[in-house]
Every structure is written in C-alpha cells, then in structure tokens.
C-alpha cells in the first residue's frame, strides 16, 4: 500500500469510527441522565410515600451505569477525556515525541484488548447459560456485561486509528 | 515447598466473622492437621475480590479457595438460594447443620459441579433479626408502610411479604441512612450488624424472628481439588467439619453476648408474641411460594430443593 | 525489588506520555505477570471494569459532575463566582478562597473527593482563568479544595475506616469536623502566603470584574439559585430524603430544573453539559480501574504488610512508630489509590497503633489526612489529574500549584498529631 492510500484508509476508518462513537455517546448519555432521574424519583417516592422504586437500585447499578460509562469511553477519549504527564514529553523533539505517543497508543490498545476479550468471554458465557440474577425481576446478567466489550472494542479501534493518523502532539485534545 | 499451596481469597474485613470466625480458623485447623504439607497465599479483606467477585475469582484461578456468598450468586447457583430463605432455622448451628445436610442433595450439589467448585464447609448466619431506630415493631400490622433497608435479592421478597417496602441501600451508606431516617429499620444477623456500625443508632431489635439468613460456602476450585492428595483432601474436609461447628457456636454465643452488650447500650431486645410470630411467619411463607414459582418457571427443580431443605431443617 | 521495578515501570509509562489511567493499567498488568500466574492476571482483568462501573457508590461522580455542568451551562456557576468575588473583593485572592469555601460546602454534601474536585473545577476554573488567576494557583486551589470531602462528614474514607476497624462511624464523622474546619482555614492561609510572595497571581479588586479584553463582567442573574441548590442538596441529605450516594443525583436533577425554569438552558447547552459529564466521568473511571490493576500488583508484593511488620518489630518509642506509620502512608499515598491503601493497610496499622495505646478515632483522622495529601502528590495524584483534565491544563502546572498547599498540609498533619484535641474535643 502506498503511503497516500494508507492515509486515506486511516482517514476513512476515522470517519466511520466517529459516526459509531457519536451514536454510542448519545445512548450512554441517555443512560446516565435516566439514572439521575430514577435515583431522584426513588428517593422522593421513598421519603414522601414510603413507596420506593424497588427496581431502581439494580437497574442503575448493573445496567445504566455500566452502559453509560462503557459507551462513553471512545467518544470521551477522542474529545479530550484523558490526562497525560507532559513533564518529560515537552523536552523531547517533535518527531520522536510523536513516535512515543504512537507507541503508547498501541501499548494501551493491547492492554484494553485483553480486558475486552476477557469481558467478552464473560458476556457470551452469561448469554449462553442464560444467567439470571434474582431480584424484583430476573435480571439478565449478559445485558449488564455486554456494554463493556462494546465500549472497549471501540476504544481499542480509536487508539489504533489515532496511532496511525497524523496528529499535533501539542494539542491537548487532538480532535 | 509444600505439597499443597492454596491461594485463599475473601472479601470481608479481617475482624468480620466470615474472616475471623470462619476462614482463618479453617486455615489454622488444616495447618494443625497436616503441618507443612499445606501453605497459603492469603488475600483477605477484598484485596483481590469483593463479595460479588469471589465466584469469578475462584473460577478464573485468581483464587483456589473462597467463601462463596450464596446471596450474591443467584445467577450461578439459584437453587442454593434456598439456604437464605426466611423461616427455616432458629440458630447459626441449626442453619449450618441444615445446609450441610442439604448441600449433599443432587439439586444443590449439582450447582457446585456445574460451576466447577467443591463445597468444603458452610457458614450460615443466625436468622436475621429486625433492627430498628424508632422503637420496636412488635406486630405484623405495624410493618405496613414501613421502609426497611434491604440487601436485595430474596430479602426484597421477604420485606414485601410483610407489607413493608424494601429500600436497597449500599453498605457504606447504611449508617448515614439510618442516622438521617432515610430508613428506620434493617434486617441483619446479630453477628454482622456491627459491620455497619448501626448498633449505636438502633434502639430496638427482635430476637425470635426468622427473616432469612446470609450463607457462605467455602469452596475449592475442582481443578485444584483434583491435584490435592487424598489424605490432605480428607484433612481439608475434617477442618471443614470443625469450622462449621466452631463458627456456628461462635455466632450463637456472639448473639447472646452482643444481645447483652446492646441491652446495656439501652437497646430494647424484644420477642414477637407467639400469635404475632405465627402471623409474621405465615406472611413469610409466601416468599417460599414465589421463590419456587419463579425458579420452577425457568425449569429448575425448586420445589424438590425446598422440600429436601425443609426436611433437613426438621432433622437439624 | 519487584515493587521497585513495578513502580519504575509506572513512572516510565507516565513520563512517556501514556494517559494516566492506561499507564496505571499497563504497568499494573505487566508487573503482575512477574508476581502472579498468567491465569490470575487475566482473571483480575475480567472483573476489574465491571467491578468499577457496576458500583452504586461510583454514581456520585457523574452525579456531582452533572450538577456542576448544568450550573455552568446555565451560567449560574459564573454568577456565583462573580458574586463571591464581589463579596470577597476586599480580600486579595478572594475567588480562590471562595473555592475553598465552595469545597467545604460541597464536602458537607459529598463523601467523594473525586466528585468534589471535578465539580469545583468545572464550576470555578473558567471564571478564575478569565479573571486572570495564575493557572497553577487555580488548579492547586481546586485540587486541594476537593480533598475536604473526605475529611468533612459524610466521608466515604471514614466509613471505610470505620467498617474495617469496627470503630463508631458516628464518632469518626464528628471527629472529622474540627480538622475539616482547621484544614479549610489552613488552605486560606496558604493562598495568602502564595499571593504575598507572588502578588500578580491573582487580580486585585480594581480589575476583578473585567475580562481579558477589559470588558466588565456582569452577573446575568442573581445568586439565589445556587443558594437554593445548596439548600436542596444539604437538605436532602440531612432530612433523610436521600443517602450520600443519591444526593448528587438530586443535585443534578435540581440544577437541570433550575436552569431550565430560569430560561437559561437550551437543548444544545444541555446536551453539551451531559457530554462533558460523560467525558469527565469516563476518564475518572478509567483511572480508577487502572489504579485497581496497579493496586492488585501492590497487593501481590505484600509490600504494605512487610513495611508494617518491619515497623512493629523495631524497638522504638510509640510516638516514633506513629510517625513512621504516617510517613509510610505519605509514601504509599504518592503511588496508590487511597482506598486501596486503606483496605490493604488499616487492619494491620490499626492493631499496631491501638496496641501502643493511641486513640483509634484520632488515628482514623490522621490516616484520612494522609489520604488527602496523597490525592494531590505526584506521581499519582488523583485530584490533580482530575482538575487538570477537567480544565485542559498540563498536570505539571497543577502539581506545581498544589505544592504550597502540600506544605501547609504537612504542617496541619503535624498539628493534628501534636494536638489530638482538635479531632477529639467534639467526640468526648
């Protein structure tokens, strides 16, 4: 592949990823916003009418929170939700610095791939065995876990695409 | 090096009865029986896994042995949840003996096999009592409309069957929740109530209720078990028998001494009068029905499990 | 030896520019491979993320962040900061001190310093920066003000200490009030000292209400909405409407409704507010599960128990033992997550310290003080990471800016050690 074709491929991948990331963040945002509403309503119902929303705790903890955090990972990372220590970086010339950052992305992608793979195993296991947690209803365990492999997979792709894109290492949020 | 090296993991603070009354006495007893043939890597107090994560820890090999908290694994071992149901025992010793007998039935043992773990010994708490911060709740009628803290799962069903509303509150929030009156009562065993620090906020506790219990089964991963020489396996089981008696007696005598301690703090320890106790236990019966109904609906032999558990409880 | 190698690996990854959460996770995972079987490392990786995300208590983070985002989106936070500055304009550095006050008020509603620092950062930094505050001073103030949340009750750290040691959580909470107030005052003294040395780091009262281009900054509304919200949040907690975990959600919904009813919120800004909440929260939870992976490694090395055994075995005076144990906490605090430290060490340190006859409640307060310090010391200073990330400022600026506060914190720690009454006078 020529370097021009390679750049175009990476650019197209970046474009496609953005579209998916934007959908995921809307779903994740809705989940977290919904959690706030449920938690507040539960407290008010409990306090005023002694009638708590008994489904709220598990719904929030095991589903909405996992969904919200996981689906926010790739979009959050792309839009600057990361913090790195610039102390040494700033003393390194731009060329090697970009290389370092690319290598860092790949290292992080490997770490997250393991996490993604392990969580995927747990998720498929829960779905295959139809694991149900007993509560006010039978809560399906798989639907609590599935968001993690999705979010992690998209984050790994984002890290890899960034590792092979042109970027300005001086911009705190490159996108 | 030792013949057997066991990585033991649990999720409770070191002073907690699971640790101080169960896991550690078992480790010491086994050491006493086989000496240097066994050695431990010991990771207590949630260092590697919390209560919810113990099953995963033992299945993935993070741990060789963990006390599996049955209330937190209703997805993996739903039928064993029978051991946590209300109205099935009167003391830690009877609860433990009941479960120790019932665990040998194919319904309950099957779930251990499916999950690749071997049950060694169990510790069931004495039956949950009702701890309240605004005076006693001595009759069934007075449960109506109350908000009671619940740890979730079948405890929700028990609270609802009494006409009260279960509020699930995180363990770390219970203290403030009771202090501020978010909830005015919680179900807990005497031996574990101190873990939340709420004894100083409660002014009354029942002593003859049976609102369910919390059970743990100390289990070893099957793959690991198969590598252990037979005579050490026997010693492991013997130490298990010892631990069941030890922790049962400990929790029962704790209940007594804690009762005295709490009385001296000014807590009102009361018994439900016989006719009210009958009404309360009658209401709690419906928890058994819905438990059976829900699991049977999924094709699980819940009725047989409950039947055999009841029989074991009568003999204990 | 292993512990040193793992720590160096972490520092290396941090210096090479890996984002903090990934650096912790990668260094933790690689180091773990040298002390634990591969299956164990994979097993820990399976659960670590779900364990972090599916945790009701973690909800405080997005909740309090969302509350401040809606306050900012509606311009209400701006109004409050401008009003605080007007109120304190006679005082040099009034806005920085207002941050400390805001931190104390938030601390009384929140038990989590992470949530608290993210809140103050989002609410205060834009205004501070526009008014011409030195970025280091601003981030330093914000990072340190957030730590008040674990000293002033309710405090998750004190709850954890109480549960680990079976000490009365109520007494611990009461014991936290005195040190919390002293700490807040100490931070204000630190601000005065910094401004005395560097007078141009904060605007003087003449130009305080103009922006960079010299335009006058005007309040667009009154301050009462913020007061109302604080009353709502504190009221929800103290009336028993909501638990410490839930109260943030009430604040978030309240801030949304307030901005909406004042006509200060449009669909676009509301969406931005939720997006900002998720960006900050996702970053924080990534750091938390990374810190957990690194914490597992520390667990396997048994470093904490060894240190404590060593201290216990040496033949020295009780007070020196206490000082050594606190020094150990300061050292661990530089490297590890504060809750991991508590869980790993308290069972042993508690038995040593109470065995020597020291007051257990007081010791809890001392540990929380070291945890406050650990939250802002490099290389792993969670509060500085979060304040820097929320404001898009380099961490170097934050660590530099927080240094004078750390100096004051050490003095405060010495005060708390020398005068147990500060902690205990309300308890007894």
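All chains are identified by letter, namely A, B and C, in their written order; residue positions are counted from 1 within each chain.
Here, a residue touches a chain if its C-beta (ideal position, glycine included) is under 8 Å from a C-beta of that chain, and two chains touch if they have at least 3 such contacts.
Protein identities per chain, from UniProt: A = TRAP transporter small permease protein; C = TRAP transporter large permease protein.
Note that the coordinates shown come from a computational prediction; the quantities given were computed from them, not determined experimentally.
K.L.:
When you take the mean of every protein CA atom shown, which chain's own CA mean is nearest to it?
P.N.:
C
K.L.:
Based on CA centres, what chain would you say lies at the far end from subunit A?
P.N.:
Of all chains, B has its centre farthest from that of subunit A.
K.L.:
Quick check: how many Å separate the C-alpha centres of subunit A and subunit B?
P.N.:
Inter-chain centre distance comes to 36 Å.
K.L.:
Using mean C-alpha positions as chain centres, tell me how far subunit A is from subunit C in Å, no decimals.
P.N.:
Roughly 24 Å, centre to centre.
K.L.:
Which positions in subunit B touch two or more other chains at once?
P.N.:
Residues 56, 182 of subunit B touch two or more partner chains.
K.L.:
Quick check: what residues of subunit A touch more than one other chain, meaning two or more?
P.N.:
Correct list: 47, 57, 122.
K.L.:
When you check subunit C against every other chain, which residues touch at least two of them?
P.N.:
In subunit C, the residues touching two or more other chains are 42, 46, 56, 239-243.
K.L.:
Tell me, which parts of subunit A touch subunit C in their complex?
P.N.:
Against subunit C, the touching part of subunit A is residues 25, 28-29, 32-33, 35-37, 39-40, 42-44, 47, 57, 60-62, 65-66, 68-70, 72-73, 75-77, 79-89, 97, 100-101, 103-104, 107-108, 110-112, 114-115, 118-119, 121-122, 144-145, 148, 152, 172-173.
K.L.:
Within the complex, which stretch of subunit C touches subunit B?
P.N.:
Counting only subunit C, the residues touching subunit B are 37, 39-40, 42-44, 46-47, 51, 56-57, 154, 156, 159-160, 162-170, 237-245, 296, 299, 343-344, 347.
K.L.:
Would you pull the subunit C residues touching subunit A in the complex into a rising list?
P.N.:
Touch residues, subunit C against subunit A: 13-22, 25-26, 29, 42, 45-46, 48-50, 53-56, 58-59, 62-63, 66, 236, 239-243, 246, 249-250, 252-253, 271, 274-275, 277-283, 285-287, 379, 385-386, 388-389, 392, 394-396.
K.L.:
Give the list of subunit B residues in touch with subunit A in this complex.
P.N.:
Residues 56, 74-76, 78, 81, 145-147, 152-154, 156, 160, 165-168, 182, 294, 298 of subunit B touch subunit A in their complex.
K.L.:
In their shared complex, at which residues does subunit A touch subunit B?
P.N.:
46-47, 50-52, 54, 56-58, 122, 126, 131-136, 138, 141
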